[in-house]
Structure formats: C-alpha cells, structure tokens
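Sharing a structure with you now.
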Amino acid sequence: MSRLVAHLSRRYHFSASHRLHVDTLSPEQNREIFGKCNNPFGHGHNYVVEVTLSGPVDTATGMVANLGDLDSFAQREVLDLFDHTNLNTLDSFLDCVTTTENLCVEMWRIFSGFAEAGAYPQVKLERIHIEETGKNSFDYFGEGAPFRR
Amino acid sequence: MSRLVAHLSRRYHFSASHRLHVDTLSPEQNREIFGKCNNPFGHGHNYVVEVTLSGPVDTATGMVANLGDLDSFAQREVLDLFDHTNLNTLDSFLDCVTTTENLCVEMWRIFSGFAEAGAYPQVKLERIHIEETGKNSFDYFGEGAPFRR
Amino acid sequence: MSRLVAHLSRRYHFSASHRLHVDTLSPEQNREIFGKCNNPFGHGHNYVVEVTLSGPVDTATGMVANLGDLDSFAQREVLDLFDHTNLNTLDSFLDCVTTTENLCVEMWRIFSGFAEAGAYPQVKLERIHIEETGKNSFDYFGEGAPFRR
Amino acid sequence: MSRLVAHLSRRYHFSASHRLHVDTLSPEQNREIFGKCNNPFGHGHNYVVEVTLSGPVDTATGMVANLGDLDSFAQREVLDLFDHTNLNTLDSFLDCVTTTENLCVEMWRIFSGFAEAGAYPQVKLERIHIEETGKNSFDYFGEGAPFRR
Amino acid sequence: MSRLVAHLSRRYHFSASHRLHVDTLSPEQNREIFGKCNNPFGHGHNYVVEVTLSGPVDTATGMVANLGDLDSFAQREVLDLFDHTNLNTLDSFLDCVTTTENLCVEMWRIFSGFAEAGAYPQVKLERIHIEETGKNSFDYFGEGAPFRR
Amino acid sequence: MSRLVAHLSRRYHFSASHRLHVDTLSPEQNREIFGKCNNPFGHGHNYVVEVTLSGPVDTATGMVANLGDLDSFAQREVLDLFDHTNLNTLDSFLDCVTTTENLCVEMWRIFSGFAEAGAYPQVKLERIHIEETGKNSFDYFGEGAPFRR
C-alpha cells in the first residue's frame, strides 16, 4: 500500500416518483410546507447519485477500488431497488419523508456497507451527492449518522 | 419583414411522474410491453421540452418572436399544468398512454396555438423535442397531426 | 471522392456583451420591445457558435474537411473579432440590432467564405447554431441570405 | 431537530457584462494585467451562482431549508439586481474590480443574510461557487470575510 | 397504427483509442494530413453515439419502438465490439481510416439492421450522430450508403 | 494583499489512450484485475483535468492569480505532453500503471510547480480533479505526496 490517498467518485442514475407528505400534519399544513411537491398523485425526477470513496492508492494496481466491484454493489443494493419506483412505497421511507436530504442519508447507510461487502478495509465513504434536478443538489458527509463509514 | 428566416428554440423543464399502462391489456401483457415502466406505483422524470419556431427576422427588431411572449404562453399552457404532476391524471392522457412520443404530440398540439395566441401570423411551429433522461429523447415534427401549425 | 456525404459540426465559444436597442424608436418603445435586454449599460453572454458543414467523405483521408483548417479560419475570422467585445461596437452591427438571430446571419456570412478560403470546393455550409444561454438557441440555414454557401 | 446535518446547493443563473479595470492604474498597466478583459466597451458572461447551505435535517419535514424561501430571497436580493446588468455600474463594485473572485465575496455577503431573513437560525452558509464560463469557476468559503455566516 | 410519426433518439457511450494513418502515404504526408492524430501510439476518446429512428406511433402502446429491444441490439452489435478497444484493430476499419466520419458510416451500416432484427418493419433509421469530443460531432443521414435503411 | 482567500478552478481537456497492465503479473491476473481495461491494444478517453488553486484576493487586481499565466503553464507542462498521446509511452508512467488515480498524482506533481513558476508565492495547490468519463472522476488533495504544494 502506498501512502498516497485518492478519492474516486462514481455516478448512478435512477428515475423515480415521490410525494412529500407527513401523515401527522393536516392537508393545509402539508400544502403550506411542501407546496406543489405535496400534489397527491406525486411527481418525479431523474436522480443522479454520486458516491465518493477515499483510500490508499494500491502500489501494484494503481487503484483505490475496483469500479466493477462498486458497480455490482450499486446495481444490487441501489438500482434494483430504487430505479423506476415510487420512493414513498419503499421500506426506506416508512418512517420519513422522501426528501432528497433523507434519500442522501439512506444512500449513505447503503454505501457504508461497501467496504465490508467488497474486501476494501481501508476504503472510506466520504460523500453522497444527489442531484434532484439540474438546479438543486444535496450532499451528506455522514454527520450525525448512526452507522459507521 | 426581411426575407431572412431563422429558427429559435427555447427549453422548458418540468418534473412529473407517470406509469405506462394500457387498461385493455392484461397485467402480463402490460409487463411484457412496458417492463419496469409498468410498475403500478409509477416512477418519474425531469422532462426537458424544447420548442422550435421559425419565422422571418423582423427588420426593425431583429427578432423572430419575443421570448417573453413565448415564456408567458409556456408558463400558462404547459408548466402550470404539467409541472409536479402525475401525467396519468391529466386530461391530455385520458385516451392514450403517457409515453414521451404521445407527450410530444400533446406539446405540439399546445404550442401550435402560440402563433395565434401571440400576434405572430408568420411564425411556424417546427419541432417539439423532449428529453426524458440524458440517454433518450424524442422529436415530433407534426407528421400526421390533426392540427395546423 | 466517395459518394458518401457526411456532416461535421464544430463548436466555438466567445464571451461578449450587448444591448438591444433601436435608435429610431423612443426609449419607451425600446423598453417595451426589448425589456431588460434594453438596459442602457448592456449585459452579456457566453455564446456558443456551432457551425455545420457537409461534404463528400474523402476516400483516402476519410474526412470531410480538416478541423485544423476550420479552427484557423474561425480563430481569424470570428474569435479574434468577437471574443471579449461589446457586439454593439462591431462593424457587423452598424445597421442592425445585436439579437442572436442577426448574429446567426452574420456568422453564416462569415463561414460561407470557408469553402473558398480553404480548398474545399465541395464543402457546403449547412447550419449556424448559436446558444445564447442554456435555455435558448437559434439556428440559421441560409434561408433568404444574400450570400452563397 | 435531528442530529443529521446535510448540505443543500441551489444554482441561479444571470447574464451580465463587465470590464476589468482599475482607475488608479495607467491604460498600459490595465491592459497588461487584465488583457482582453480590459476592453473599454466590456464583454459579458452567463454567470452560474451555486449557493451551498448546511443545517440539521428537520425530523418532521425532512428538509434543511425550504427551497421556496431560498428562491424568493435569491430573486429579491440577487437576480433582480444582477441579471441583465453591467456589473461595473452596481453599488457592489464601487470600490473593487468586477472579477469573479470579488463577485463571490459579494454573493457571500448577500447570502449570509439568508439565515436571518428566513427563520433558519441553524442554517449555515457553506460555500459560494460561481462558474464564469464552462472552463473556469471560483469558490469562496468565507475565509477572511468581515460578515458572519 | 396511427398516422402520427415520431422520432426517437438513444445515446450510447464507448471509450476507444485510434490512430489516423494511411499506409499508402509517406510518414510526412500522414503527419501533414492528420497532425497529432497521426501519433504512432494512438490516442483516444469517449465516443457518444446517438441513433435516431422514426416510425408511426403505435396506437395501443404509444411507442415507435421498444427501447429495450434497441438497447439489446446496441449492446450486442456495437458496445460489445467497440467499447474499450483500439478502433484500428477492428474488421470494420481494415480498409478505411478510423475517422469519425467513417465511424458514422459503419454505425449506419450496423443500425440499418435493427428494423429487421427487431420486428419493426415500419421503423426507419434517420440519423447517426457521433460526438468525438465536446467540441466536435459528426452526422450521417445515409447519403450515398450502399445499404438500405 | 487582502485577508480574503478564494479558490479558482480551471478545466483542461486532452484526449489520450492507455492500457491498464502490470508487467510483473500474469496475463490471467491482469485480466482479472483490470478486465476490459487490459485489452492489449488499449482504449482511450477524453480526459478533463480541473486544477484548483487558493490564495489571497489581491486588493488591487481582485484576482487570486492570472488565468493567462495558468493557461500558459498548463499548455507547456501538461497539454503539449499529454494531448493526443498514449499514456503508457510517457515517462510519467514508466514505473506505474496508467490509472486515473496515478494520473491525478502526476498532475499534482506538475501543478505543484506553478506557484514557483509564476510569481505566486501565496498561491496553494488545493485539488486535482480528473473526469475520465461522464460517470467516474477522481480527486487528489496531495495526501501522502512527496512534493510540496
């Protein structure tokens, strides 16, 4: 292992619908807080999830981690579950609103399992970045997360 | 009016959900034809609609049409109706599937009213281009449309 | 020369300011027609000009035209004159408003000289496409132009 | 309030002209330092301003801050003042050159008022990112700023 | 079948290396014609191939063609052969230079087989568009092609 | 010098080919580790290198560093050597694999010479960011580097 530490970022795309709604609030409160995002029939987005990992650059292979391993993990743990779905129907959002902030935290929870799942003990999850539209994006760096990275 | 004819294109964005489903087909047929796009709870996209108009370049103003007029029209006739909605619940899709092909034709129908709505008798609707995701897009040039352009 | 005909498109970028204003109209008329684009101190854009040429694919070289030749021409005839300038001060706009429609026609006039300037007798200018912002673009195909292509 | 802290970023676009010029320097010095950006009639850009805020994810709403509130603030405090103007004529640049570095600092000053203006006592301004063209961008993280974030 | 005819476009990405070189020319001639693209060890690009098909919008399904069918075809006939290769080593370029013009013609030849391969007798290949870099792209519309579309 | 510190980022593009291969490993091991990137004839990419510098905003000029100086440096030290080449043939990669992780470190080594080469004693190299494709990118912040920034 070299002492050089690099970051690698990989982008994944999925299309999903959602509705921002809190059951314990009144319809008026929901409309006031979430505006058009509270539309009862939902709306949708092409989400872009970019995951960033850091780790030592392997002296022999010149790599932090094999992108093929990361792609397999993302396909199985993220894309198969989230692509072409309604986020409100997923187990991940049983107890919380389907905002992109919460989606970031859920992606952090999922990708925090990559280091163990692959054999990358030295790789750390650094950032989850989600683009909801071309105008707004969200980042989560694990602050306050109840899971290790 | 000059003899010079130019084209202008303007892009509008909206986020919507939809489900591809034909009521007169069986669940199995729907799933076979539409795959994951038939997911009962829907999914969604950030749609980009680009409308292209052509017309003589006005000798005095140097313009084909005023973009402010086009924006007002698009806000009232398209964005107010389509943004943050579920396409399947709109009147436009009572009788047809919410594919982007059909969405193109519906946009053509709407924007074909711009020339009259504004005072642009010499402006012609040339093209509706819709990007459903970064990977696929659709164009409609009015072929077979039952409305004038 | 082969019978195969292909199109090549090349993008050039320049940054310029401009003001939409017609001297023979009153200040009120100018403001009504051009809105905020009539602001007396101007505003500006990063313009993207894409020029499209067509021609037979040379059997030996596999090319329609040498991009190096096109780049030299564009540098000398376009970028050196238009980049980091105020369009309203250029000779090209002595007699017409600095709309992107008129800029397209001017680019067509300039690039229509490429075939002769290079030694590309069989190359035709097909299209000038200019993106003024990420939301609006203009195309000119030579309709009504007083110059050959 | 949850212990989870997320970042949200929102992009705003405006088109403006400017000229890099220091009155106390000679014309030759100005030309040497600023090159073609010193062109006396100015030039312009489509500026993209991305503002990043951080804060706790509200347990009930799942949000760091309401994007509608941020958009209203940006419209009133930024876009209404900067869009379709000449930066050199603005009060913000009475005493300093209209470089994008200085524009970043000015945007920091403005957006540092958002937390108070909205009722977001826990939201912090993290970053101002400005893209001047597709090739160069600038970031300001508040280092040395005489205003609180 | 409806009388409505729409176009659908789908983008595919592959990374490949190549060298522009004509064996029957001298090294000097090759260098003069192809410049740095003649570098003996090659160079490479992330190619984007966009294929455009037209056809009647099916009244029942609302589709011109099933994107899943097109993706399978493209994976098998294009990506498996071209991605992560050196274009100069492929059979397609035994007799011609690996310019993007020739790559367009080869893609046209391949995708002209889609209508038959799928069961889309009414679908026509309209255009092959290839982006070699963000600055230059090429289009081929079948002019002079020795194969049907 | 002001106390304000800003970051500036500049993007450079080059096209190159490469092959991931370690001579001391067997062909089978190489294929297992590098997959299709081990293809003996190589493949290629349009690389985007974004370099980020930080420094005090000069009170007089409003700039961290002159972009013209940075461009000259990048042209001479990076683009002239890397554009339209095969990375495997460069001195930089005599002893290491041509992964983008290693390319980042090499770019860090080169750009760490900018502060001295220009006369920017207060400018610091902050980050090298390289986009290999639209899907994956790499960052290096100098961690473990045997050169000063």
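Here the chain labels run A, B, C, D, E and F in written order, and each chain numbers its own residues starting at 1.
In the analysis below, a contact is a pair of C-beta atoms (placed from the backbone, for glycine too) under 8 Å apart; a residue touches a chain by one contact, two chains touch by 3 or more.
Keep in mind it's a predicted model, so treat the numbers as computed, not measured.
The chains that touch subunit A as well as subunit F are D. With respect to subunit A, maximal separation of chain centres occurs for C (centres as means of Cα atoms).
Per-chain Cα centroids separate subunit B from subunit C by 28 Å. Computed from the mean C-alpha positions, the centre of subunit B lies at a distance of 43 Å from the centre of subunit F.
Across the assembly, subunit D contributes residues 134 that each touch 2 or more other chains. Counting only pairs that meet the touch rule, the chains in contact are A-B, A-D, A-F, B-C, B-E, C-D, C-E, D-F, E-F. Those residues of subunit E whose C-beta lies close enough to touch subunit F in the complex are 13, 15-18, 36-37, 39, 41-46, 83-86, 88-89, 133-134.
Remark: subunit B residues 20, 22, 24-25, 33-35, 96-99, 101-102, 104-105, 134-141, 143-145 touch subunit E in the complex.
Of all residues in subunit A, those touching subunit F in their complex are 2-11, 52, 56-57, 60-64, 66-68.
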